[in-house]
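Two complexes come next, and they have one chain in common, chain A, joined by chain B in the first and chain C in the second.
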Partner chain A sequence: MREVLSKILRGPRYACSLGGAMTTILAINRGVPLVHSSPGCGYNLTLGQVIASGYQGQGYTGGACIPSTRFTAKQVVYGGEDRLRQQLKATLDWVDSDFVAILTGCTADLIGDDIAAIAGEFNNGGVPVFHFTTGGFKGNSFRGHEIVLEGLASQLMKESARREKGQVNVFGVVPYQDIFWRGDLAEIRRLLEKLGLKPNMMFGHKVFGLESWRKAPEAELNLLLSPWVGMGFVKEFEQRLGVPYLVVPELPVGPTATSALLRKVGEKLNIDRELVEKVVAEEEKEAYYYLDDASDLYIDFGWHFNFAVISDSNLAIGITKFLTNDMGYVPHLVVITDDPPDKYREAIVNELSSLNHGLKPQVVFESNSDSIWEIVGKTEADVILGSSLDRPVAQQLSASHVCISRPAVERLITNNTLCGYRGGLELLAEIVTAAFRA
Partner chain B sequence: MKKLPLEEKVAPIRERRTGAIRAYMGTARQLLADIKSGKLKACDRAFTNTWTCSSSIMAGPIRMATVSDGVVIMHSPMGCISNLSQFLAPGLQPHEETKQDQGGYTPNQPATYYCSNLTEEEVIFGAEKKLRETIIVADKRHHPKSIWIFTSCVSGIMGDDIEGVVKETQAEVGATIVPIRCEAFQSRICQWGHDSAGHAILKYLVKKPEKKRNDMINMMASTAVWAEDRIHLAELLGKVGIQCNTVPDYAVTESFRILSEAACSVALCPTWSDYLGKGLEQEYGIPYVRDILPLGTARTEQWLRKIAVHCGKEEEMEQLIKEERAAVMPRIEALRKQWQGMKVFVSCGITRSLHLPHMLVNDFGMELVGINPFEFDEEAIVDLENLLKLTGGKDFLVHVSDCQTLEMANYIKKLDVDLFLGHRGSVGFIFKHGVPGLRVGVAYGSRHGLRRDMDSGRQMGFSGVLSYARYLDNVIKNPSFSEKLSAHTRLPFKESWYEQDPTVNMVDPL
Partner chain C sequence: MAREIGVYGKGGIGKSTIVSNTSAAIAEKGAKVMQIGCDPKADSTNSLLDGRYIPTILDTVLEADTVREFRSVDVSKVIFEGYRGIICAECGGPDPGIGCAGRGIITAIELMKEQGAFEKVNPDYVLYDVLGDVVCGGFAMPLRQGIAKQVYIVVSANFASLYAANNLCKAIVRFGERGGGKLAGLIANHISTPEEKEIVNEFAAMTKTEVIEYIPYSRELARSDLQGQTVIQSAPDSEIADVFRRLAAKIAEREQQIIPAPVQAPELRKWGQSCLERLQASGIKE
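Our next item is the complex of A and B:
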């Protein structure tokens, strides 16, 4: 438990552990979350964590298809287990899925239903049923995401004697909370494949859903793209299942960081250096073809900006490094909104303090919008990259505003990405477009 | 009518107060026969999908967060408030400043909603102190006129003494604190949240009338009715000298205080205002108009006339109706020729499922195949009888469900439907079945990017008919997206489900 008392929040940028868990399940192909909770949790969290993340859709069984027990006072008094059995049976009968994940909300956790036992009753060799204790008061979306990772590891994964050469499991990108997760993961996958690896993407529509999780223990490496989300999970994964991990504390944005990632992975897995350098050279050449062309506008218009970022830690680090180290922007302020546990904060500050030319932005950890806007209100930055909630404060400052974090309600996100070589170009285009429109 | 127990802390749940049910499958005639003979039994579902709840959407954080001099506090874990960011999107808010009698909206207000952020610590040690702290922080920072507290499942199960905190804290803050008790597990009919809001407004905000105002009506319109409609109707009534006191969206705190002074209360969303409208009638004798909504030309006329009677403006109103009608009728005649006989299904809250068909049938000449209201109770009997009159006695399907996608998917495949108008959420899944359809209201965020000179975003009043027709025309003329999408999308329900009768899912409550 955190040492500091949890704070009152205005305009939070994340939801609760149920929200994080539900969206994590939805991100696994053909997985069905069964929300064992009050009537509205599932749909409210769809609006908050799915729709407010760049209008990502309800998808296969999201939104108004999410099975839910919808507690009444009766269940609160007498327990919700019979109702859960009824809903679970009907879900398995009528919904075509690869697995069902029982997720508890606050009500079920407060009365203490035994969901593990009920999941057990239904696990008879058919569609697997998993169970996760994710009541919203237990933590935020990131905690919910981790609960699912840890739960799937303990309920599904077995130690494997077999190692699949080149298999890399990718963690650290929190689906939906990272509004660009689909495009980001596609770019990571593309790049790892270019190194001749077999990236095992845990989330997304193009992967094998639960199969990716089943074969995760056969990997040669767990790649964690976050300074803290899933850190405990990959460490335990190594201890229990024997798969080593590599932590890259950022979502790599743009040429420098992405090339560094490829080299790190190459080194860790002993990939032929020549191949790695060939890929890096090819990709950098492509990226700099466009950056070269864009430089005319950059120089002729004098659009050499400074900036502030308000976002979750891995994206904040990635964006700050790209704009500073590659684009030559001046970093003024970085607000980290995902409330990392204290023990990870120093490392995050270090990442943001080792930029080119000794540049050191002010780094603040803050999740309450009141305080965020107070701090941002004092910045001299021309460009503010944050959530839709930050548009009014950017407008007050007559700064350019680019929506890059949740809640994102002013843009539709499809396969967009801020990650990798492509992501850097896309981010640059976003900033310039925003500046023209501001 | 049963007396509303305003002396109580909590509003009675809908199931108890109006006998509302949330699961039914049959025809209009059957339902009326069942409810009148007392045979209507409350059944439940084996499979339900999630929908909204009394607390976090319905009762009104989304509504009250638009009160421009108010602050919303959700006394809950942080997930309960996450949907607010979606509703209060800049793109969904009015673009321009509006006058106070039309809601008094100022653009670019940063969202003033707080969450007391209940965690395991509060679950163990109690959260009353934290609520108190949140109220004081919000008051100090914003100096609001009202602070709206919404309770949650967690605060309810923990048994926080909300009223006690309010009593203790009220003296220390400038704002009027309005506690809304709406713990979601109390009722599966989330519209109970509306009642909870009405209950609290009546108890904590409405003041004794200083004067009676014959020239002012209370226009009660929830978020489902866009700003365009509210502004348009207020302008229309303004032409004959009737002012609108619009609540709750984009209202100011004072709008709630003077609810007791109006000539009548008009429901633009009868399910939202059911409790508040009746409460004002009960406490202050203000007539409550709920059975007619200005959807479609005929109903708009009736609606305007009814208000005119309450305000003593009959003559002026006849003149206005004549002018407004003349401007739209020729174009509506032309539309009717195009759309005559088109089979339409309407699925959404009470407001539109029981009232929009008047426009679709009467103005556009469509054929009503069925409706799916979220809930049904004794209040809706007249509305349903009116729909049967509208169809000339021709029976139609009635499915009572709050967006229960599994059941809807089952029968929609078997029904012959040309156009499906549904609530957001479930309508998407129907669309993917290849049934052309759209959100039943107008386009979201309609004040942005759409033609203002074409009255985009309107559905009510005379010109609303034309604007809505323009909105429907797009999908009627070109259903390509639905056709292509259904060919490329996999649906989540098993083939064997479609072979069932959907009523197998309706079971006795556990």
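Our next item is the complex of A and C:
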């Protein structure tokens, strides 16, 4: 029985590839996902995802507003192409948008509707129509996110002879899956701008739209803030469109990692070292002003934490490094929940094994909540940083709980971030506040 | 309790002709027969209907756009009475290259069951005429538990048809283990020479199956097919009509269940090569 149970994915922290693709499109301003799938896929996946990401709203046409072909037996047997054509026409007629993205669900992919041909019929110089084969069986949210990146690159982007000085495209933060994506990207943007760069933000509904994607091939650099999500994409981007990439395998949290990121970007783009150091000094001065005051808690009250992190890999690495290297807390356990392909796992473990004072947390790759809780239940951590699903196991351990990963249904997220100098401070405040309340 | 029979075989081998003529021969004896064409072409029952094409189950039920409408379709709109009261139905399906024909067959048969079509007709025999190879789950539908309990495979001396039959045997073994349809035998079509007979017999021996009837090439049969009739109707006194009467009698009585032993593709190919050489050798002799 145990063996059977261990193969069940209970309490998943991500959705299927269609889910990841839909939220990725919704994160691009005035992008409209058109779901070519059975009734319920669009509504449940988008609404479920945005609610579980700290109530971020339905987006431009998510949730109850998502255009869908609502595949029934008729479409399965006779093919859904006519129905798709009808829905696409209606969507273009009725929804004021900058682009429409056809996203297929499982049934449409199984029967093999030719969505590329149908998108082609509607691409006559008006609102562009893109197509993505995202049937849920193709993988999880991260794969869906990558399918959109790859699809937009091949369907929209052309090699550019022109290079925009200082333009940096930012990838690796998966919208909604990283519940703080809006705040995270805002912080990254703020910092890159301080270096005199022109960050090109690919996501940020209501702000950054298709224009960012059109001009992406003119960039000087693709910055990937993940140890694996989008890795294939930035490599392909370099090969086909000639834009080099810089991989920083973490979402930088707090001063040490953020200053390191700025120096790496500065070096890669030959930015004046003095300018980089000036920005670093300014930012660190402010960050340490607050950190210094907060550290009295440590000295006066002996507050010191043993922690466990349960999250996607880039955030898990960022948080673990900050709490260990900057704050001097003890990392007990890191559970990586985004199911990275095997070839990236060793590098992730290495990132988490090169911490200060030779501290080496137990690193586990696990997406099944039952197994996660079993492992977490055995730790001596007194702070659990994870999703809302992990609150009960924290209570069991009499540990405090901070909600930092998806699904997050116990907090409203606006411009909060765990990223950058600002994010480190916010995380520290969250941990200590949670400890007071526990 | 109806005797439910599924007839499979490679496309174009003459399944519909054999099934319709067999249905007609069974009906001639006074039994109530129902024939269901499981092929998007929807032409299985033409020769029981004077060449007429009938509206398909799928075309009729899928006019409905909602599940509720879909469930409320009247079965009498999709079953038609043909020669000697044979109840004819065609699953139908999509045009080539689009949609999912397999799902279509599942949908059509599920609907017939849900709507109590079999209880209403109360046939003594149900013959399912199923297209081609069992390439996916949909085409295996009639093989599954509770639908076609006896399965016949139509073969000829053509290697491709035997290759398909071997694959069908694999599917039958799989479904047989789960309580699904069992193989009752092979029906050999277009058998006019001793060499052709020998080839199908060798195949049967190799796969531990059995040929229950050999149907010769017949101009009479081809003609009546084109006229939209069976030979039982158009040429009741012909030799070929008697062949179908014999086949019908065997099918009516047959209780044997064969567990076939399909062979691996390389072995089958090797054997096919040897058959070809033998045929060429005999041709040179002649």
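We adopt the following convention: the second predicted complex is superposed on the first by the 427 of 438 C-alpha atoms of A that agree within 3 Å, B and C clash if a C-alpha of one lies under 4 Å from a C-alpha of the other, contacts with A are read in each partner's own complex, and residues count from 1 in each chain.
In the analysis below, a residue touches a chain if its C-beta (ideal position, glycine included) is under 8 Å from a C-beta of that chain, and two chains touch if they have at least 3 such contacts.
Quick caveat, the model's predicted, so the values are computed rather than measured.
By the touch criterion stated above, A:110 is placed in contact with chain B and with chain C alike. Of the two partner chains placed by the overlay, chain B and chain C both lie in contact with A:72. Using the contact criterion defined above for the overlaid structures, shared-chain residue A:313 touches neither chain B nor chain C, since it reaches no partner. By the document's definition of touching, neither partner reaches A:29: not chain B, not chain C. With both complexes superposed, B is the one of chain B and chain C in contact with more chain A residues. By the document's definition of touching, of the two partners only chain B reaches A:9; chain C does not.
In the superposed model, A:81 lies in contact with chain C only, and not with chain B. In the superposition on chain A, A:417 makes contact with neither chain B nor chain C. With the contact threshold set out at the top, residues 72-76, 110-111 of chain A are in contact with chain B in one structure and with chain C in the other.
Listed in rising order, the residues of chain A touching chain C in the complex are 72-81, 110-111, 113. If you check the complex, the residues on chain B that touch chain A are 46-58, 76-87, 89-92, 108-123, 130, 133-134, 137, 141, 152-154, 157-158, 184-188, 190, 403, 405-406, 425-426, 428-429, 490, 492-494, 496-497, 505, 507, 510.
Within the complex formed with chain A, the chain C residues making contact are 58, 62, 64-67, 70, 93-95, 98-101, 103-104, 107.
Taken in their complex, chain A has these residues touching chain B: 1, 5-12, 14-19, 32, 35, 37-49, 51-52, 57-58, 60-61, 63-76, 82-83, 86-87, 89-91, 93-97, 105-107, 110-111, 135-140, 369-370, 373, 387-389, 391-393, 395, 406-407, 409-410.
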